[in-house]
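Structure first, commentary second.
Going in written order, the chains are labelled A, B, C, D and E, and every chain counts its residues from 1.
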């Protein structure tokens, strides 16, 4: 593999920005956001430069590495701090820095009234750096550093307004649930090291052949656990909705476009493991399928625009995971959906931010309505994103999502049919809830409070939205034209044998569009024709109630983990005091007690002392008597 | 009748003396019981002296008498002192110091 | 017991008789010491027992010790005990009820155990050599034999014992010796004091005790010319002991019977 | 029968003879020197005597003799070491005794009487304590070097009688002091009766009263061991009484508490050296070959003693009583040295005795300093905040306590280590385990006192720390310095002990 | 040049100077103390530079006869592990002095005494790691309790004397257990060729497995108390609760390391077979400590106690690493010791500043500090991140090494221990949320942010945490040779990759 000396700048630039802003403190308030944006942009430029270099090399020589220094080396556990850029990473690098830069720009305006804007940009830069490390690391342990780094950045950004207790709690929840996933990654690394003696991607890839399936399945499942945590997949998805506590640009960047897709990256990156571990792969598919339905169902019931979008994100990532779980055929489609999703979902989030910006930070869609007139640009960009996510041709989603649905159907047997149906149904539900969002927000009658004065956002905000909207419009076509992305990525993946086609692409598209149409229709019937209540109605079906509560996931966690955990903690605290320390104190008390009791021997009477001596003498004599028996 | 009988007698007297120390309360009687024990020991010395056929035992007995005399002097002085302070010769009354 | 008996050998019959008479008596006396209430009785029993022991010493060819036992122990030490008993109160008697809970059963058990075990052990003891007797050791005389040992082999402890004696003397002095707080008044001072006191009644000295003509004893107060008793005429210590007789019976046909003498 | 005149080696006996001479001179001083001059004369006489005696011990330190006094005493290495220890401990004790404030003005005066008040006012002093102390010391010096039972018995009485007396001479709380004397005396006499009875059986067993003779019988006796065992047991009772081992310990807390504090210190330190010295000699030479018979029993007693002393000390509220129980526990530790029955055990015991003795005197010296208007304050509750009142005194007391607890860098640790390792070496593992365990228990109450002194606020109850007199200060300084130096660099002393500690038989 | 002796003497000289200083000038006392610790640090660094890192033998060896009667030597020497621990101690000492500039003021005694105790303690801290004579080690091991005892009892807060006593009694008890074993070793050495306390010589002793097991326990209990291993930990929360932050840093950061250091240096070296025998039990205890400490930390209401319980969890990791008997485990544990010193120092020092400003250590009394005292909040947050072993922090490297090293031999233990990292997130983030986040609660409005002195004090700690997180090689290079050596001596080598049984 070729080596490079410039990869490090990708990470170093935003990292330096973060460090400068944090260390300089208030002194950098005036120019901090500009610096951060500039550094993010320059990182993007470096990324483009690397892309151009890569394009200039032949297929086999495209991946490059840079060894920075020896990080950990103990015995056979040798980890270098080294970076690797290949066809997969470059996609992510560009997505991260590109979308990231747009969101930096957006945030300059969006956060302009916040006294801590500089800190916000520092965190954003930190996130960019960590995310880049995640995708550039050449071993699982390096990836792990970025993995937790983005977790930290996410925590800091979700809790950016942590003076609100609920937000602080949300950030904590995100971190802790991510850590559960991280634990999975730790296990995966440990198993890998114990069985293969290496944790670098290349090393593991080589070792797969002579490693047992059981071990590979273990690693795969643990990687999946990691992915579920980071990518908000079932059963570790509960944090994502709460994570909307963070400023909207954060939701757009981290919780829509980039970080949450890290799980997809991980699974795709580990394709050699999953390909060799069918059980793990099956689990990936199952998790993806469940989550996509899960997210879609939650999305139908949310009145909070950001939470609805978050549920959608969850669902869309479910698609990606599902796609990645479909094996060699699916990886590229998963990545493609990831990239297109990065555009349209980020665009929609920014749109939501724009709406909130104009609506005094109101997030309840029931208090929107008729915003189309007041925010035309936002409506337009949001609408493009909407079409993209629905998979309406020729928007981006059409290319990427349909590929996944198709691949699902074609994955063979009952599995293929079930998965295909699930993805189709998901598409329909997606259409329903996205249409609901559109209707509630932009059409109908206004349901705002009196204080609200909706207005279009400044250009600094709508420009990024516009760019992303263009992406939503074009990216699908560009990436799939001539199987561009698939071919680009194919050197990384095993060659695959084609399954017999169950359904042709045209049929799939037709079915999908039909489902979408049904979804849209239901939404129109339900929301456009009826008056929408400004206050969420309570006399709703049990399903709505459950969906509003994230399908009871929080309740489940509360009842199964948190409450028993709290009880356990309380019991242990008491036990520690009463039993363990009590035992120690008990020993002391026994000593003191026996001391006090033995004091009783000392009656103060000479005669009893003499009796003691006499008893001693008798005892001695008796002992002699016994001995000489 | 053999010389060993003296030893038995000596052991008996010693025992009685020892018990006396425990059961009697008058300091002087207690002290006399101790003297009884010393005398019992002396009887053993004399008897062993005879059995062993040397006079060492008798010499020890003699020393014992002298030492006992000294002890008596000191002991009685102490008893008298405490009697004068307390107006009581009962050793049970002297039990300020305990526990 | 049998072993020891064989090895030790038999002693002459008369000694046996002596032993079997005196031994039970001395044991009885020793037990008596524990059981009698009055300390002085204990002392008497003790003295008896010591004399018995002296006889045993003599019977066992230790005449010197026997004599010393009588002279030093019974004569001097026991007398010292008796003196102290006098000082403390001859009549004082102990209550024999036990006040310390549980002590008596313990003491009795211990005593029975101790005595029983000791006798049993002595019964088991063997010496591995025969009894020698003191004939040869006493050949030059018992006193001479002891003296030889005392002044040669045991000269060092003998010397040290002298220090012990000094210690004892010094110690008892520390505890008993009073310093004179003020100097004793001289005859002259006493005389001056007498004359300077309120009346001249005592200037000539105190009246002598006893009643002229009727009775003449130190424990009866003198009668004053008016027939009343002169309290000052009796020794104070007699009064303190309550040994003063009532003088009333010795008075002449009294003029005034209501006078009560002081005590 | 011919009489050969006895030959005494006066040089070898001179340490004791000097002491006796000094004591006799002291008696004469009582008779002929005016009251005003008596105290200072006695003090200088006593100290002079002790120093002279020590010098004499040094002069004979290389001598070895079994016939110094017609076979009554043995002069050998351990004898010299023990005698020197006794003398050094005695010297610093005498410094304490010299503080006039501890002894009654007139022993014969009734407590609370006019006579007592008067003699207090006139500044009367019982200067007889000096010769009595000297007599006691000469008894102690003789005790460990005696080599026949008679001398042993006489020495025992000689060291005891003055102590009985002096225990009753306290200036304050005189009833308690007299009670202490009575208890000490009665129980002491009781135990010496056992001692004597044991002697009788040993004499019966071996037909000899000398160590050598008894040893010969132990090694190659023809009869059975009953008389030996009984005699040994009773003799041991007498010795164990003196060292305060359970169950013959009961006198010591009461006597320690009641006796005048300088005497308590002297008694606790010097008597232990003497008694253990004698015990070591007897068990290491006379009874060594009967080890099978006494070792288990003595081990049992040692274990019980350690644990009892440590446990009961926890529950004490009086500093003197606490130190008494601690000294009981230490008697148990020292018994481990006897049980060891090897050269290491002997060396360790001698080191321990010296180190412990010095620290003990120091500790009691501190006790003498804590006072209120009615004398010493021994209630631990009133020692609160001592560290604030008088940091140096408190720090040195803490030093002694840490030494007792066996914390490293104090002499106590080296002592404990050496004695336990010697005992372990001889296979007495149970004793070592019990020793370690009771050390842990013991640490508890030593630390409690340190907490009281340093970490508890003082209450205003009139307790104060007296400014130590020059001599008391000397005692304190010497003992704390010795305690620390022996903890940090004990090598010279250990070498010395190792060089000398062989009993001749 | 006798480097180690020099290092030990320097603080003593410093304390002598402090003693000699005139009364009343507290500032001068502090300056002298700070100067002394900095000089010691300089000397340590100078010494460390000359350390030959590929040499597994002891270096800077010194040996003088101390108590020849018992074969005791004043023998010093360091291997990589000892070197980094000494380095850690000497770095922490000036930090503690500077950070706790005013913490000596509330004590029972003067400021002077405080610094004398600190300096004397520093001497002993160096000595305890440098000793190669078992007796010398024991002496220092026990003697160093005394200054700490007075530091807790004299300058702490709350139930300080009770806590000090508990600490001392626990430690003494453990020490006496060890003394028992030491005596046995000594006696055995006498029977097998002459009394000695030389570590190397003692490790050659032949003994029955029963004996070895018992003696091992004697040592191990002492060390397990020191490095609080469940269930011998209950002294630590009380002690940490009562001690001043600086004392806590030295107590948890350095003194407790003696326990884990001792396990490596003494338990493993002297009793290899017994170590193997007891490994299953110890591993279970270690895992329990990890989880238990973490859960208890979550349940604490008091900031200091919380930190103490986190340390119990961390010591579980260290113990786990040691007894995993792999080079990763060993190096991880060794590195963990070093890192834990700094992460705990950061937590205690910043926590201490928060507590002294707020006048309360109850977590719920704080709130919203991030808005009021941003720098302090950041420092606390970073310290917390270090404690939960966030990648990029030094503690991550060590924790992960321990887990990986354990997993290769004892997967089950490693798996349970890994759950500790989730709990760690909880026990750090809960107090972070309660103290730093949320609205500013009454009583916190006027707290002041860190001053320059405090910033200077904490800066090196944070710097070390971060730098070593990315570049631990300098330390690992020093530790690694010893790791392989020690593991090899025990007859272990790292498990080869299993290929999962294929």
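As a convention for this text, contacts are C-beta pairs under 8 Å (C-beta built on N, C-alpha and C of every residue); 3 or more make two chains touch, one makes a residue touch a chain.
These figures come from a predicted structure and were not determined experimentally.
Leaving out chain B only, the rest of the assembly stays one piece through touching.
Separation of chain B from chain D in touch steps, taking the shortest path, is 1. Distance from the centre of chain A peaks at C, each centre being the average of the chain's Cα atoms.
Here the chain pair with the top count of touching C-beta pairs is B-C.
Using mean Cα coordinates as chain centres, the one most removed from chain E is C. With centres computed from Cα atoms alone, the innermost chain of the structure is E. Averaged C-alpha coordinates put the centre of chain B at 65 Å from the centre of chain E.
Computed from the mean C-alpha positions, the centre of chain A lies at a distance of 79 Å from the centre of chain D. Centre-to-centre, using mean CA coordinates, chain D is 44 Å away from chain E. The geometric centre of chain A is 106 Å away from that of chain C, both derived from CA atoms. Residues of chain C in contact with at least two other chains: 100, 103, 106-107, 110-111, 114, 118, 121-122, 124, 127, 145, 154, 157, 161, 164, 167-168, 171, 175-176. Within chain E, residues 169 each touch two or more of the remaining chains.
In chain A, the residues that reach two or more other chains under the touch definition are 588, 599, 602-608, 610-611, 614-615, 617, 621, 624, 628.
Working note: touching chain pairs come out as A-B, A-C, A-D, A-E, B-C, B-D, C-D, D-E. In the complex of the two chains, the chain A residues touching chain E come out as 22, 25, 69-77, 81, 141, 144-145, 147-149, 152, 159, 162-165, 168-169, 172, 175-176, 179-180, 182-183, 186-187, 189-191, 193-198, 207, 210-216, 218, 568-570, 572-573, 576, 580-581, 583-584, 588.
If you check the complex, the residues on chain A that touch chain D are 588, 591-592, 594-596, 598-599, 601-602, 604, 606, 608-610, 612-613, 615-617, 620-621, 623-624, 627-628.
Residues 169-170, 230-231, 233-234, 292, 295-296, 298-300, 326-328, 331-332, 368, 370-371, 374-375, 378, 385, 390-392, 396-397, 400-401, 403-405, 407-408, 411, 414-415, 418-419, 421-422, 424-426, 429-430, 432-433, 436-440, 470-473, 476, 480, 483-484, 494-502 of chain E are the ones that touch chain A when the two sit in their complex.
Listed in rising order, the residues of chain E touching chain D in the complex are 65-70, 108-109, 135, 138-143, 145-146, 150, 153-154, 160-161, 164-165, 168-169, 172-173, 176-177, 179-180, 182-184, 186-187, 190-191.
Interface residues of chain C, counted against chain B in their complex, comprise 1, 4-5, 8-11, 13, 15-16, 19-20, 23, 26-27, 30-31, 33-34, 39, 42-43, 46, 49-50, 53, 56-57, 60-62, 64-65, 68-69, 72-73, 76-77, 80-81, 84-85, 87-89, 92, 94-95, 98-100, 103-104, 106-108, 110-111, 114-115, 118-119, 122, 127, 131-134, 136-138, 142, 145-146, 149-150, 154, 157-158, 161, 164-165, 167-169, 171-172, 175-176.
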